[in-house]
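Two complexes, one shared chain (subunit A), two partners (subunit B, subunit C).
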Partner chain A sequence: MEQVVANGVYLGSQYAMIALGLTLIFALMNVLNFAHGQMYVIGGFVTYTFYGQFEVPFLLALLMSCATLAILGALIEKFLFGPVIRRSAREESTMLLAAGIAFLLDAVILLVFGEKQRGVPKIVDGVFNWDFRIIMPYDRMLICGLAILSIGAFIAFMQFSRTGRALRALAQDRTAAQLMGVNVNRYSMIGFALGAMLAGLVGGLLVTITGVNLGMGGPTSIKAFMMVMIGGAGVISGAIAGGFILGMLEAVGLAVLSQYGDITYLVIFIALMIFLAIRPHGLMGKPWG
Partner chain B sequence: MIVASRILQFQDVELYYDRVYALRGVTIEVTEGETVALIGANGAGKSSILRAITGLSKIDQGSIYFKGERIDGLEPASIVAMGIAMVPEGRRVFPFMSVKDNLMMGAFTRKGKAEIRRTLDGVLERFPRLKERYRQSAGTLSGGEQQMLVIGRALMTRPRLLLLDEPSLGIAPKLVQDIARSIVRINRDDGVSVLLVEQNSRMALSISHRAFAITTGSVVISGESRDLLNDSRIKAAYLGGSV
Partner chain C sequence: MTRLLALVVFLFSIFWLVPFLISVTGRWNFYFTLTSVALLSVASAGVWLTFYIGRINIGQGAFALIGAYVSAILVTKAGISFWVSLPAAGLFAGLVAVLIGLPILRLRGVYFAMITLVLTEVVRLAALALPITNGAKGIVSIPLPSELSIFGITMIPDFSTMENSKLAFYYAACALMVVCFASLYRIVNSRLGHLCRSMQQNEELAASVGVNVAHLRVIVFAISSFFGGLGGAMFGAIAQSVYPSSFVVKDSIDFMLNCFLGGLGYVFGPMLGTLTLYFGWDLMFELGKYQLLVFSSVLILLILVLPNGLLSIRLGWIRRLTR
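And then the complex of A and B:
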């Protein structure tokens, strides 16, 4: 029991960060970023390259993942989403564009990093063992701690910084935010960069546990969409709730359902469909708050 | 001709949305210190005039000057930073932010904590209700309180020209009086020039110096507000049943 909860918290902390990035981008620009999973994969490969291959310190490699994705996100917003949103009146255009970017990034990953599964040396050795009730390797605990710390920092940033306030204002009422002097183009770019950066950060954290490979992008995006649907799109609390709920469900599923085969996600999908039929806007369906 | 005492000159402006005309050659001006009212029926183009001034809608012909400087074509953020504040139609508060954070968003482009603090105190003094609701999220306020909040938020930018789009719409009659009174004070005590769009023409004419009546994208009548209150055309068209 304790073990399942611990696994759930560990997974949930990673998932929540992925969902936060996705929901931030959605709240700000009304864009469903289908390429979110690919951004996560790139974050993993960057940390792999710097920490695994060039042997720079892990935290520095993580920073490189963040920086790479922030820059990539900013460029994608500035040159792709920004112009398309300004010119097109139809919402499908951004969805098609997002899907296109997902394919493009898959191709870029293949070219730059190859198709092999990559792993890195453990960041810390040893296993935590509490009376055989909770057994968890120290590296997982560290990664979980770092993720929760990052989530806290992100929330504080959104609540208390000038930039965070501007991003929230933009998400809640674009016109009113413009009338306060918020430069929509600049802050859309900042928001997109921030969302992409969160994806890259999780990728960098998780590469130390699960490794990384090209095929992880799509499934990660799908999980991210599920979390956002569970919690409600465009809300910080919704993303966090969605992340932890999915993490917990997965942990429970693996403990309980694995004896019947690999059906955890099948069950989760069915449960999600029923849930959405009852609560189509998720748990906290309201705009960014 | 650019006249220095004119805080706003809006000249021969044409604006269309997807080939549908909203403004067909509108000229209005606001003199420093004045309150000017724009009245007219639904769809006349009043909001479009305000949106054009703040750059939210791009104009297709004509020119707009603020304190002698040309502003059409600039981004809304730059126009706002120059000293124009707009309270848009429909009380657009940031619903999930506190009253405080809403007000602080008004100071977004400003520097100097002490100065901002002073403006904030002034706004809270003018609208004591906002002080009572300071930590509450804006979405939970009543319509009248939200209207006070968006006016207060606009004042936080410390504007020289305040654009108000139908501040009395959907608000209890008692509060309409309060809001009208605050507009007069903002103009008289703070010396802020005001351009007021109103469906409630009688209220608008009674608190403004001059007024323009707009019909389908053109100015049809203009003059001193006190004369227009007695103008037979205005009476027939705009003062019918409204209080």
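And then the complex of A and C:
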């Protein structure tokens, strides 16, 4: 039992970070970022390249991942999403664009990093063992701690910094924020960069445990969508709740349902559909996003 | 009048000109490509119809997979003729759509898009888990469609006795496509179509003037999934096999892209979009490992230059014909 809870917290902390980036982008621009999983994979590969191959310190490699993705996100917003949102007759066009960007990033990953599964050496050795009730490798605990720390830092940033306030204003009401003197274009770019950076950070953290490969992007995006749906799109607390709930469900499902074969996700999906039928905008979402 | 002429030219070219050109040039593999385009455009037509009521549907892969499995199971396990199983597959997909649609059609915008995307995964995982679908091994060596006769008169000959089943499949798929798009055109230009347009613009307003919105959107979603089921069933028959990975999230997204690319405001948008996307991808095969890079770049450029689809190019005569 304790083991299941520990696994759930560990999974949940990573999932919450992935969902945070997605929900931030959604809240600011009303864009469903299909390419979020691919951004996560790029973050993983950058950390792999710097930490695994050039042997720079892990934290520095993580910073490199964040910086790469932040720049990438800013460029994508400035040159792709921004113009399309301004010009297109229907807002659905941004979904086509997001899908196109997902393909493009897949192609870039394929060309730059190849299609092999990559892993890096462990950052710390050893396994934590509490009386055989909770068994967890130290590196997982470290990653989990780092993830929770970054979530805390992100919330603090959104709550107390000037940029964070501007972003929250933008998410609440774009026009009103503009009237109050918020530079909408600039903060949209910053927000997108921040969301992409979070994806890169999780990718960099997780490469030390699960490794990284080209095919991880799509499934990651789908999981992120589920978390956002559970918590409610565009709400930061909802993304965190959704991440931890999904992590917990997955941990419990793997423990309880494993004897019936690989049906954990099937059950979660069906439960999610029933849940959404009762509460269409998730736990904390605004109605109709 | 010009519209009628265009229709005649179109029918003439797909049923006579294309087979003629292929037999002259001897590029028989083109049949498979064109058959795929025809079937994928049928499924895309369904997606287009849900766009028409203002919903972003990324779940057509789910219904295509359901249709493919229903047809395959009926043909292999129950021994029913393929031509009976084809509408049965469509109807079953439609029925599933009604059951699922009742709750999830309350969702809108991005929420609906996400839940339909998840639906694609649900069906794939269900196909892996259920005993009747044979898990990851899939259903293989499905017999070719048998003879269809009414009162002893052969309507459609047995595909397995034909020397060229590719051509037969091409004709069948094109016929299916023509029928589906004709009915789509009919739906859009009927009372139902007008009601759909009102829903696309403002659902509350439509409801306030007495449109039964909840009823209507389930019907439209069922029709949409019926198309998906048909396309999927026929695809399974051509491939003679169905796997849980026959239709995945990538396919669902492709169906959506087809509609976008062709233009959401035009009935024949999905057809043109499918043709462009499929052939575009195939033509870029020569580029080797740069295929995906060039393809996605072109896609992004297209959406930057033509955010409202290919058919939105301002050419008067195209607009008149396709409206």
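General remarks:
FYI, the second predicted complex is superposed on the first by the 286 of 289 C-alpha atoms of A that agree within 3 Å, B and C clash if a C-alpha of one lies under 4 Å from a C-alpha of the other, contacts with A are read in each partner's own complex, and residues count from 1 in each chain.
Keep in mind that, in the parts below, contacts are C-beta pairs under 8 Å (C-beta built on N, C-alpha and C of every residue); 3 or more make two chains touch, one makes a residue touch a chain.
What you are looking at is a predicted structure, and each value in this text was computed from that prediction instead of being measured.
Once the two structures are superposed, subunit B and subunit C can be ranked by residues of subunit A touched, with C on top.
When both complexes are overlaid on chain A, the residue A:162 reaches subunit B alone and has no touch with subunit C.
When the two complexes are overlaid on their common chain A, residue A:18 makes contact with neither subunit B nor subunit C. Look at A:175: by the touch rule set out above, it reaches subunit B but stays clear of subunit C. In the superposition on chain A, contact is made by A:26 with subunit C only, not with subunit B.
In the superposition on chain A, contact of A:183 is made with subunit B only, not with subunit C. In the superposition on chain A, A:273 makes contact with subunit C only, not with subunit B.
The interface of subunit A with subunit B overlaps its interface with subunit C at residues 288-289. Note for the complex: subunit A touches subunit B at residues 162, 165-166, 168-169, 172-173, 175-184, 286-289.
Across the complex, subunit A meets subunit C through its residues 26, 30, 32, 34, 80, 83-84, 87-90, 92-93, 95-97, 99-101, 103-104, 106-108, 110-111, 218, 222, 225-226, 228-229, 233, 261-263, 265-266, 269-270, 272-274, 276-277, 280-281, 288-289. Within the complex formed with subunit A, the subunit B residues making contact are 54, 56, 75-77, 80-81, 85-86, 88, 92-97, 101, 104-106, 108-109, 137, 150, 153-154, 157. Subunit C meets subunit A in the complex at residues 51, 56, 100, 103-104, 106-111, 113-115, 117-119, 121-122, 125-126, 128-129, 249-250, 253, 256-257, 260-261, 264, 289-290, 292-293, 295-297, 299-300, 303-304, 307-308.
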